[in-house]
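Each structure below appears as structure tokens.
Two complexes, one shared chain (chain A), two partners (chain B, chain C).
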Partner chain A sequence: MQAGLLLMLIIFLPLVGSLFVLSSKDNKQETFKNAQQVTLLTILINISLVLILFSVCGASEITNSLVIKYSWHFFSYIKLSFGADILALIFVLAIQMTIFIGVLGIGKEQQNQKNILFYSLIYLALLNGYFFALDIMSFYIFFTAQLMPLYMLIGLSLSEHQHKILVRLAFHHFFGAILLLASCIFILSLKQDDILLINIDKLHLSYRKSIFVWGGLFMALILRMPVWPFHHATTSVWSALKNPLVFLALHILPLSGIYGFMRCWPLNIPIEISILTPVFQALCILTMLFAAIGGYAYTNVGNKLSNYIFVYDLLYLLAVFLPTDVIKFNITYSVFSFLLMTACLVIIQAHMMRESTQEDVGIKGILCHMPHASIVYGLFVLAALGLPVSAFFWNNFMIVSEIFNFHLYIGTIVVICMTLAAISLLQSFYVLKDESCVLSPKVKIKDIDFLAFVMLIAVMVSLLLSLIKPLWFVF
Partner chain B sequence: MLYETVLYLLVICIFSLWHTKEKYDSLLTFFCTTFTILIFAFFLMDWRVLTSDTIKTFVWDSSPNSNIKLDIISSKQNYALVFPFFLNTILALLNNLLFKYETHKKAMFSLFVFNLISFIMLISGNNFIELLTFVFMIDIFSQLLIFNTSASKRYSIYNLVADMGLFLVLAMLQGKLVNLDVSNISHYYETGRHRDFIMFVLMFSLFIKFGMFLFQGYWLDLKNAKFHTLYFLPYLSTPMAALILFVKLYPLLVVSPSFVPFLDTMVVLSMLWGSICAVVNPQIKEKFVYCNMLCVAFFVKIVEKADFVWNISLSNILVCFFVFNLCLYYLHYEIDRGHAKNQLAIYSILTAFLMDLACLTIHISTLVSPQNQWWVLSFAFLFLFVVSHLFVFVMPKLRNKERIHIFDIRTVCVMFLASVLLLYLGYPLILSSWQILWVLAMFVLLYFIHSMHLMKKYDFFNTRLKNMDVLSFVYEKSLISPLKHAGILFNVLVDFIFLERTLWPVISVFNSFLIKAYRHITRLGIGYYFLSTLLGLSIAVYFFYR
Partner chain C sequence: MLENILYTLPQSSLLVGILILLFHALFTKTAQHSCFQITKATILLSIMSAVLFYNKNFLPAYLDTSSFTTIAYVLNGGFALVWLWLSSKWFINTKAQGSLKFCILVLLLLLTLSLVIKSIHLGVLFAVFAILSFLQFLLFRLSRTNEELYHTAGRYGLISIFFLILIGGAVFALSKENLSYIEAESFITELSPFLKMVFTLSILCSIFFFLSVAPFHFWFTDVSSPLILPVATYFNLVPQTALWSAFLKLHNTLFSSMSDNLKWVYFAFGVLSIVFGVVGANASRFVRKIFASISLYQTGVLLLILSTFKENITSYCFIYLEIYLFILLGVYICFYAFKINGEYPSNLNLLKGVSSVRPYVSAAFLLQIIMLIGFPPLSYFMVEFFALTEVAKSPLIVYTTLMGGLILLPVYLKIIEIVSFLKREQNFDRVDFSTYFCLLIHTLCLIILSLYPEILFFQTDILLNIR
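And then the complex of A and B:
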């Protein structure tokens, strides 16, 4: 019961925090400070609750002590079930930490900060619900509900003439939500008790229903991923976003799709839709190659990072589709490190962009004037390249080796894409560290805050410890 | 045992990270270096008393696929393989301690020792993840040791590509074997295929790391780095990590029929290109890089000819190459800094070089066999020629600055003794083959001309031969001019016509086409959106009906 209470607290605490943020005064500077502190405190409490849950949830399987069920009054056969296992908890922890880093990186001069923090907390609460959902109905509810605060966040950060790209993104997601709803209705029409996500593949469905259910589920989840031909909606919003927190919020969305696949996609693809597997893999690989080449070709450091993220999202997508269960934990550990690394890189880049805009200087060589930012940025770039600085390194090795086990050519292209993505990230690092573009002493470039520096170093240390033992924080 | 050595080194390394006042840095470095030498002495004693192999294993992570372990295997072979890196590190540490212009002594000490630990772990490891980890660690430490952003840019990108090639090969093996142990790679061909593909990817990765022909570009960037960081890099960084991988992963290479021709081609090209460029290039650092390219290429071939079985002679050759670098560096330093009056220092450097050359010859001679005699002779010829040229290149600086007459007889002695040692080496071969005799005769002739030129250049004959220009003429026309012309021709053909005017423009055009296509497709217009969607759907339809 205590564990169940903790679970509910993790879901609802950000909602309470968001109310506090909303109630803060409308004095510009003070509002931001108060709202930021409340948000950070809420997320910190949530992180500590997740860590406590880790110690309760010792085994990888969902334990009875961590499952809570609620029946609906009118449709008593529909039960909402929530629970947590190690996979869900790692995802939840990573997301709390990502949003925490994003909140720290948000600039004081940016507009609508109070509203952005408010919606980010709501988004966090709904994401937590999504990751703890065990049955198809609660999965659908949180799957759809999390989009609302995300759209608000994106809408607040985009300029007026950019709103059409948000409409396009919403159209994709809406289409996916409709398909998932249809699948849910079909499943619920079987009127079986407790239709848990892990049991969907055990249902006896007719051929047509099976196509509809699996096709709907597949499309709903895939529409969150930046896969051709649906990548355009996500990437256009990505490139337009300037706020690091909102960027990170959107960055979590494809990973929630990956989690959805891990949770409810059967190990062996249903025979009804397995015929489409090569098509899907070809599209994934082509998109990945395109993203990697794009990242390599771009000169903008922000675009290089976006394309790097794009490549790794697709790597995880390819990995979850492999007919094997052995790399489930490798994917999760890798995603954990990936989220933290990219979050830190995004906020440091955002800080550099702000400083270069304020001082009206180029971005080239800017790291030479920021000793603290230079250290942490260098370390995170090393980790992101796949060097042995975090668990990202050997978990990716395991993932790629499994891809090789099934498809040699896909594995080769995946490694080529990873190499291109890593090179583009390294190029951007050398642009930022270019010693030939030293600015005049009159230009005062501000380094990252000491608090942010300490926090980033702490994240780096935790990533380093994850190299030695992935769950080092569980006792 | 090796794990104790690693443990002691780790302790001393952590101790060296202790923050002290700047004035105590040298003192702390002195103590740490002394203890490292002591650890080296223990290492040698352990090596001597070692009777059987011992394995110390730490389970890093238990994965459902396979256990990721950290193995430290103490065997005679591993000790022999660790020895040159340990000794080279000790020499580098002593240099770091005594070199007065090195300002970051403590940091350099830590980096050297961490680098050495990575080498020991790489050598004694028996797990793919362990191999990858320590190869990557060596890359990171090498870049930190270079300590120059512009010099390390291409270095890091090239090595990243090489590392990803290695990553690809090992991931492929793990996928097929479902076992992370290096000892199992010989079983790969029982279940797996693509032996040529694996060999080519692995060899490309290793060639990049070795800095062989076509991949030497990033080494040339190191001319922007300080010379005192350049001398140790060829024998304490990525090329040596590649060498260890070459020795460990050879079962993947030898099964491909293309391996030997591919290796031979690259080694020949690297040796020739290294020798020519070492002579033709006007900069000392570039000459230095090319000279090392020649040495590393030869060493790779000699390891292959020794059937990948490491022995003490191979270790000693590596140490000799390192000492040669050190001698050349110190000679250049003494002369370039205007310290030429310190004749004793220069004389001791030359003596050290002479001894080094003698040792090198003796150890190479122990490896000579009918299978590799041509390789050894070719290398001996090219190496001595390049080395003597390097000395000729360095000496005029001294002559212009200080008119002292110290080099004449000693330099000739160096060359003479080198020739004698080489004759000693070649003696058993002369009896077996007439062709070798011809090559040797030509070599002696060339050296005679070369030595005479040196004598002339440094007024050995003083007044008697003062006006005799025939030696210079012969030297210039028979050796330097053809080489320079060949070098210019190669430069024009390879660098200018092939690389600059053909290969890179094609890649550039293709790259810009991709950028344009990418930007067009990802534009925000609704038409482009439908275009990209249509394109994606058509690809999907194509693969469905394929």
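And then the complex of A and C:
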């Protein structure tokens, strides 16, 4: 019962925090500081609650102590079930830390900070609900509900002429949500008690309904991923976003799609849609290849990082479709490290962009003026390349070897794509460290805050420790 | 005798209200405010007496009083009260003339709508539809602000006469003793299939005209924008409950025996309404027209759900309609709050950046838009979800409804963008405290309904036994 209460607290605490953020005074000087502090405090409490839950949740399976159910008297066939296992908790911890890093990286001069922090906390609460959902109804509710604060975040960050891309993105996501809703309607119209996500494949559906259910579920989750032909909406918003927190919020969305597949997709793809599997894999591989090569078409470091993220999202998507259960934890650990690394890289890049815009100088060689940022940025780039400095290395190794085991050609292309993406990221690092572009001493470029530096080093240390033991923080 | 007079109180109180208004007008010439106060008190009395005599009937052969008709009338009266309250603000703010005429029309309309709800006799239905169309024609003329609207009122009058002739023809074809819904049903089952279809379609199309189902919707969507705000509010909010109640009764009695043929008719009209609704909403930049088109889409959804002719589906449709109207009521309260230099803007672009100066009204408006998009777990989603779960055996209906909603998404996003993301260009007038209070109550009700959707479905088999 206490564990259940903790679970609910993790979901609802950010909502309470968001109300505090909303109630902060509209004094421009102080508002941001107050709202930021409230947001950080809320997330910190949530992180500590997640860590407590880790110690309660010993086994990998969902334990009964961590499952809570709500039912409506009128609709007895609908029971909202929430629960947590290690998998869900790692995802939840990762997104709390990502948003925490994002909140630290948000600049004081950016517009609508109070509203952005308000919506980011609501988004966080709904994401937590999504990761803890066990049944199809609550899964759908949180799957769709999280889109609204996300659109508000993006809408508040984009400039006036960029709003069309938001409509395109929303159209994609809402199309997926509608397909999932249709699946949900067909499943719940059976009026069976307690339909959990893991039991969907055990339902007796007619052939036609089965196509609707599995097709809808598949499309709903795939529409969150940047797979051709749906990639353009996501990538265009990525490249338009200047706010690091909003960028990270959008970055979490494809990973929530990955989690959805891990949670409800059966090991053996349903026969009704299995015929489409090779087509889908080919699409994934092609998109991955184009994304990896596309990184070289850009000179902007932000776009290079976006393409790098794009490639890894597709790697995880390919991995969750492998007909094996053994790498589920490898995917989760890898996603954890991946989220933290990219979050840190994004906020350092955002700081560099802000400084270069303020001082009206180019981005080339800017790291030569920022010793602290240079150290941490270098470390995170090395980790992102796949060098053995974090759990990212081991787990990606396992994922890739499993892909090789499944299909040699696919494995080869995946390795090529990962290498290309890594080189592209390294290239951007060299541009930032280019000593031939060192600016005159008159230009004063501010380094990252000492507090931010310490926090980034702490993240790096935790990633290093995860190389030795992935769940080192659980006692 | 005295008992029967008492049972007429929900209707007779409205007539008494009209007399009081006339007397009041004779003695005081300039009391606009008191006119509205008298009308509100009369409607309140009528609602209370309807609740008090919820199962008492004074003309059982023609009118029916049941828990369903009482609920429908209370909801109708509730919407009328809020409408009247908003209209009084409009009349006072714009210093417009004709508030007495308006108040008398309101009471007459409510009286007619109460008879529409209670009617179980085709002759009575024909008569009240004739009165209703005449009163609505007067309401059109009350709001004539330009030449185009004058012609539209004329067109509305002519076409409503055509549909009245249709329904009148069907009524006169029946003998006197076959005019009640149940007897008419047994009468038409004995007719040849062709005559049966002609008879049913003439009644159905007439009701569809008053319900503004596509393709008979022009008078409803086209005039929403040029009409003065109180009249536009009436057409969007007030008659819907009464007209749908009458239709649902006919659906369960007269039309139920022809379900095999009528399901395709319902489906065709439903799809047409959805298509016209989503296209109209996407094509327009006038807020009231956009919401009129969204109402058309909702009408289509209701017809699609009803086309299954499933048992008890009418109660789901009724709840769905009421939730939609309740959200729309919130939208209209916001329209009355968005005021620029004493004018109520109808162009969406005039609302640019309103959230920066009117954050609370905009937040309520945003919540209503989010509800209409269908975001879970808000009340509109819940009702739509349960209604669609009931008709899940027809995937075509489920997908048509949901895809229509998807095509409406750009419209909602455009509204959100204009209200929340863009920079302000206009100076908005101060919103009075009572509007804030009303919005707060409305929002609280929506939140409660979202948290406890079972309230909406409480004992529907008894309370919403539509016969």
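To be clear about the criterion, the second predicted complex is superposed on the first by the 474 of 475 C-alpha atoms of A that agree within 3 Å, B and C clash if a C-alpha of one lies under 4 Å from a C-alpha of the other, contacts with A are read in each partner's own complex, and residues count from 1 in each chain.
Keep this in mind: contacts are C-beta pairs under 8 Å (C-beta built on N, C-alpha and C of every residue); 3 or more make two chains touch, one makes a residue touch a chain.
Worth saying up front: this structure is predicted, and the values here are computed from it rather than measured.
*Asks:* So, on chain A, is it clash or fit between chain B and chain C?
*Replies:* The answer is fit.
*Asks:* Quick check on the superposed pair: does A:F393 touch chain B, chain C, both, or neither? Answer first, second, both or neither.
*Replies:* first
*Asks:* For A:V326, is the partner it touches chain B (first), chain C (second), both, or none of the two (neither)?
*Replies:* The answer is first: A:V326 touches chain B but not chain C.
*Asks:* Put down the vertex angle at chain A formed with chain B and chain C, C-alpha centres only, nearest 10°.
*Replies:* Computed from the C-alpha centres, it is 160 degrees.
*Asks:* First (chain B), second (chain C), both or neither: which does A:F212 touch?
*Replies:* second
*Asks:* Count the residues of chain A touched by chain B and by chain C, then name the partner with the higher count.
*Replies:* On the superposition, B touches more of the residues of chain A.
*Asks:* Counting only touches as set out at the top, which of chain B and chain C does A:S236 meet: first, second, both, neither?
*Replies:* first
*Asks:* After the superposition on A, what does A:A297 contact: first (chain B), second (chain C), both or neither?
*Replies:* first
*Asks:* Once chain A of both complexes is superposed, is A:I468 in touch with chain B (first), chain C (second), both, or neither?
*Replies:* A:I468 contacts chain B only, not chain C.
*Asks:* With both complexes overlaid on chain A, what's the closest CA-to-CA approach of chain B to chain C, in Å?
*Replies:* In this superposition, no C-alpha atom of chain B lies closer than 14 Å to one of chain C.
*Asks:* Need the overlap of the two footprints on chain A, from chain B and from chain C, as residue ranges.
*Replies:* Overlap of chain B and chain C footprints on chain A: empty.
*Asks:* Would you pull the chain A residues touching chain C in the complex into a rising list?
*Replies:* Checking each residue of chain A against chain C gives 72-75, 140-141, 144-145, 147-148, 151-152, 155-156, 158, 160, 163, 166-167, 170-171, 174-175, 178, 181-182, 184-186, 188-189, 208-209, 212.
*Asks:* In their complex, what parts of chain C are in touch with chain A?
*Replies:* 370, 373, 375-377, 385-386, 388-390, 392-393, 395, 398-399, 402-403, 405-406, 409-410, 413-414, 416-417, 420-423, 453-454, 457-458
*Asks:* Which stretch or stretches of chain A touch chain B in the complex?
*Replies:* Residues of chain A touching chain B: 164-165, 168, 228-232, 235-236, 239, 275-276, 278-279, 282-283, 286, 290, 293-294, 296-298, 325-327, 329-330, 382, 385-388, 393-394, 397-398, 400-406, 408, 411-412, 415, 418-419, 422-423, 426-427, 430, 433-436, 468-470.
*Asks:* Touching residues of chain B toward chain A in the complex: what are they?
*Replies:* So the residues of chain B touching chain A come out as 60-61, 63-65, 68, 128-129, 132-133, 136-137, 139-140, 149-150, 153, 156-157, 160-161, 164, 167-168, 170-176, 178, 194, 511, 514-515, 518, 522, 524, 529, 532-537, 539-540, 543-544, 546.
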